[in-house]
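These notes open a run of structures that come right after.
Below are two complexes that have chain A in common, paired first with chain B and then with chain C.
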Partner chain A sequence: MGKGISKITRVIWSRSVLPSPPSRRVWRADEIKPAESYRSWIQTLIAATPILMTGLAVAVAFRASVLNIGAEGQYVTGAIAAVAVGLHPHGSAWLAIGTLLLAGFLAGAMFAGVAAILHQYRRVPVVLSTLLLNFVAAVLLKALLQGPLHEQGGQLQSEQLPEVAQLVHLSLHGRPTQLHIGFFIAVACAVFISALLRFTTFGFHLRATGQNPVAARFAGIRVGAISLATLCLSGGLAGLAGAIQMSGVPPYLLLPDTASSGFGFTGIAVALLGRLSPMGIVFSALFFGWLQTAFSALETELHVPFLTLQATQGSILIAILILTNLKRFTR
Partner chain B sequence: MVHFVELLPAVLYFATPLILAALGELVVERAGVVNIGIEGMMLAGALGGWAADAWHGPFAGIIAAIMAAMILALPFALATLVFAADQIVTGTGINLLSLGLTGMIYKLIPPEMANRVVGIDVKWLIILTPCIAMLIWIYLRFARAGLELTAIGEAPQAADTAGIPIQRRKFRAILFGAACAGLAGAYLSIMYNRSFTENMTDGIGFLALAMVIFGRWNPGGIVAAGLFFGLVRALANQLETRNNFSPAALRMFGMLPYVVSLAALAGVAGKSGSPAALGKAYQRE
Partner chain C sequence: MMENLASIQLLHIKKTFADLVALDGVCLSLPPGRVHGLLGENGAGKTTLMNILYGLLRADSGTILIAGQPTKIHSPQEALLAGIGMVHQHFTLAAAMTVLDNVLLGDRRASRWLDRATAAARLIELSKHLGLPVDPAAKISDLSVGGQQRVEILKALYRDVQTLILDEPTAVLTPAETEQLFTAVNRLKCEGKSVVFISHKLGEIKRICDDLTVLRRGRVVFQGTATDVSTEEIARQMIGRDVVPIRRSPFSGSAEGTRFSEAEKKSVPSALPLKDAQAILNVDAISIPPLENISLHIHAGEILGIAGVDGNGQQELSEAILGLRSPASGQIFASGNDIGRLSIADRAALGIAHIPNDRRREGLVGAMSVTENLALKHQFSRLGLMRWPTARRTARDLIQKFDIRVPSADTPVSTLSGGNQQKVILARELAIVEPKLVIAMNPARGLDVAATQFVYEQLLACRARGGAILLISSELDELLALCDRIGVLYNGRFTMSGFPREGIAELGRMMTGASPTYLRSPPPGTPGGGDRKMDFR
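Up next is the complex of A and B:
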């Protein structure tokens, strides 16, 4: 038992906490360091990118008391739209990537918009419609992979995005790394959302709606319209997560697995650990990204099933819920 | 043309787990608690039932399925009742936890165990489900405790003033809902199929949540709604086996249950009479 724990600790330490996995080779001073250095930190940043975006998506909605549980489905539709648009790029790389990201955002926003309209005009609970739309998105992905988006070769996957539609990768010591600029886009989104919530009228109305919808209505805020717009924004952020993931991370294509990434649900845990504040979410996404790196190292080194990660995320989520309400007893 | 008489068994096969899970959720929601974790609890029931059946026969399987779901209900009850955490978010956490745990434990079970699953005939649960619906109807309509349960969901403060132990009753309702979900999970893994696969519930728990609304928080309505969804699912399956569609179009039929349930919700959700204090944690002033 003790031996097992020390083994697990060693793998987590060397593969996810230390900047790069220990190497037996000693590099001479005049040699170019390989792109291997900082690999585990880079892995953490890559893993943090999509959950930072879905975490923001969930947090924006939760701040307005709109319980969007469908970030998963919005992520998938965003990914589908991004690949569909990105496969036929026009013009320069900037234009190709710009339209691709925009397509992801709009697709996610429209998909969440279905739930928003159902809530606004037919009083369907958002929780339920967004949950059910997750499954609609998953079926849609599988249908498209068998039909219009099917790769020529016969594999159940889409074509690879052309190079112009792939996000730029950062270089370190003159060598390209796996880190794409998507992480910085995600951080920029967090800054943008933070400013939106704090300094704009829309942000104020959003927070007022979330804290007390009745009071907000008396203050002349159009609560229904705010909820609708918030849900669309939330869906758009989740869709953007899908677009970034498709154009930033190899193999740059849609797989049947894309529908079961779990990023949408992890986003809920990320948002709550970040206390629904955009800047807090950046740090909690880094934590969950590190967790993912650690567990994928454990999977490759010690054959720990990767689903352990999901169980851990679930327990963390429940633990956060209990701990944040602990003050009821200390008061 | 599809023959409806031929569809009848398929309708019952699909409707049974839905109705069972929805009946459990009905009791929970009547007490004012929304349990989204029902999906995860079903999954836990499916794995528990399957593993225990392989180990010690179908009876042990049923017991283990109910126990597994109830164990998962404990953290849910702790967070939502004792700590007054948000019920929806807690339920999502339970689903994540269950998806991870069941997948993990399933990997640890040696594969040759699968051959030892005995299983039970589906007919027993198909017969039992309407009986449970009937009992729940009688309980909610005529039994004192059942009426008190409705009072807790409608006006918890009034119920508290009348001396009803609210948290204890809510806890019992959650346990009952979990037991129903576990049984529905066992139906999937040792009755309808005799195998377990990762995430095998595939949204049935969420459809059950929709059915509670569609059935207007009444056992009779839920049975009717369940049969309707069973019919939709059976029709979708029937259409999927036809060969005059392209594979992509065939896939789209899999969307039918979810789209129909959304459409059905759009039709009824606005006028439904949900328990007044649904989803709100009760705390004394």
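Up next is the complex of A and C:
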């Protein structure tokens, strides 16, 4: 048992962000290449990118007390739109990527907009509609893969995005890496959302609405409009996550699996761990990204089922939420 | 001597919040069979002291003796077991549940299976005994504020407490309900229970209390028997200076005060034919349940009072004027322009200010800072961005000007004392822009003597600048002191409209709908004599 645990730790150590401890260097030293350590860093950043975006999406909505738990579905619609647009690029690479990302954002926003409108005009609770729309998105993806987006070859997948529509990758020591600029777009989004909440009237009204909708209404804030706009913004960010993932990460195409990425739900955990603050979310996304990298190493090396990752993520989240809320009781 | 047998003693209680010393070595003894009045200006530490006794807060140092034994109270549960019950300044009932459920909620002695029938019988017996009528099956949200207050008291007494803390219980009660409460308190006293009574109404304190403690900035500045001091003396102890009565200049009768400017008129889409163009506010036959066909108007430089027990349509009237509800019929004009279709924000931009009835629900965002709450009404927004540096500077000025006791402009308002929260609202509504029309509902509720006077001065200053004020209040003294005309609202109708000369007894009777409708013209030379067109049906 103890031996098993130490072996697991060693794998995590060697394959993820931290260099292996000196005393253990002998262990499979032949396999540890110089590139290994920064490669695992890069893996962490790549894994953090989509959940940073969905985390922001969830947090923006939660700050306005709009319980959007449909980032998963909005991610899928964003991915679909991005691929649909990206398959027929016009003009330069910048233009192609720009339109592709915009399409992802708009598709996510519109998909969330359905829930917003259902709430505004039919009083359907947002929790319910966004949750159910996740299933709609999954079915939509399946239908499109069997129909209009079906690949020529016959596999149940879409065509691959052409190279102009793929995100630029970073080079390190003159060699291209797997790290795409999507990560920096996501961090820029975090900065943008942070500034939006802090410095703009919209962000201020959004926070007021979230904390006391009655007082906000009495103060003349158009609470309904704010909630609607917030839900669309939230959906847009989740949709953008889908677009970035499609054009940044191989195989650059839609798969049936795209609907079960789990990024939307992990986003909820990331947002809560980041205490709904954009900068907090950057760190919590990196943490979850690191966990994911570490566990995929465990899976390949030791055949630990990947499901244990989710169990670990859940336990960590619960533990941290308990610890941070303890403050309330200790006064 | 009773004092020696004191059932509860607080010794040298000290409490600080960050760098604010809320309580600085306070001693208090609560002997059985006596009512202890706790007074002090807003933010003096009254609620904090009682929260410590009730186990909601922990003192930094000091001892609590119960029957001579040092006792540590860590939670309200432990307080209740030790025989201490508390009715909070702001209610803590579950609105969707029944009275009985609320009373039983959190009662640790209840067995796993609730015996509702027995519990209800016991509650009814208790309520009869104290003369505080309640219906165990009624839903809390259907009760008046006074009814909710009774439930809070019975909830505490249901657990057989020996000491009952009442934090500003009469702030929301009608005169009749206050009498009811006093009868109950006297009965508890006869049974040998001790009661702590917190209030800003000195008259009440003198009537009901045996002992007094006056706090100022966390220190005891007076302690003694109630009969030994006059109300003036108490007030002086509280605020550290004499209280000068407010003076009100007579109504000028002219309507040449502040008028809505031409530019503002243009922003109003439909300028209908003027109806009493002189009036700043003209409400024409509006109906929203329970209001029926209500008309009124207010001129520049005039204060119109609406007397009445809460829940007779006051909330609906103010919400209709502010644009939070649209009336089923009738029209509302501001300076002659129909504002019926304008949004809440547009009406506010015309210079309509609002001091809401329920400050924590309708007026403030508790988790936000003082600065943010002052900026809530669009004044610091330009081109979609918030001008926080300007807002913070204004906030600092207003904290000075309104004497808001707060560590800094960035403190969340939820940590402010009740009275200081009210001052934040007043600062926002009356000082950031000069309002032309103020809808004020019980603006001095929960304020200390000095702050109350400050509010009255502010309202009168607004009147002197030519503002029109609709003062909706359940305090007759307040209405008589401030208003040029007073209407009484009962069951959605005006049962009377007239002039303060009519006196307090008359108004009090009207508020309960006692007498037929009539209008008396004022004797010549009475304030407000220039105008007597207030409708009632």
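By definition in this document, the second predicted complex is superposed on the first by the 308 of 331 C-alpha atoms of A that agree within 3 Å, B and C clash if a C-alpha of one lies under 4 Å from a C-alpha of the other, contacts with A are read in each partner's own complex, and residues count from 1 in each chain.
In this text, a residue touches a chain if its C-beta (ideal position, glycine included) is under 8 Å from a C-beta of that chain, and two chains touch if they have at least 3 such contacts.
As the structure is a computational prediction, the values presented were derived from the model and not from experiment.
Overlap between chain B and chain C is detected when the two structures are superposed via chain A. Look at A:Gly220: by the touch rule set out above, it reaches chain C but stays clear of chain B. In the superposed model, A:Pro250 makes contact with neither chain B nor chain C. More residues of chain A are touched by B (comparison of chain B with chain C). Once the two complexes are laid over each other on the shared chain, residue contacts for A:Ile322 go to chain B alone; chain C is not touched. Shared-chain residue A:Ala208: touches chain C; no touch with chain B. After overlaying the two complexes on the shared chain, residue contacts for A:Gly153 are found with neither chain B nor chain C.
In the superposed model, A:Gly174 lies in contact with neither chain B nor chain C.
Put simply, of the chain C stretches 43-51, 97-105, 241-249 or 511-519, the part that bumps into chain B is 97-105. Of all residues in chain A, those touching chain B in their complex are 67, 69, 118, 122-125, 127-129, 131-136, 139-140, 142-144, 146-148, 260, 262, 265-266, 268-269, 272, 305, 307-315, 317-318, 321-322, 324-326, 328. The residues of chain C lying in touch with chain A in their complex are 57-58, 322, 324, 343-345, 347-348, 354, 356, 361-368, 372, 375-378, 381, 384-386, 388.
The part of chain A that touches chain C in the complex is made up of residues 199-204, 207-208, 211-212, 214-222, 331. Residues 34, 36, 75, 78-79, 83-86, 88-90, 92-101, 103-104, 107, 198-199, 202-203, 206-207, 209-210, 213, 246-249, 251-252, 254-255, 258-259, 261-262, 265-267, 269-270 of chain B are the ones that touch chain A when the two sit in their complex.
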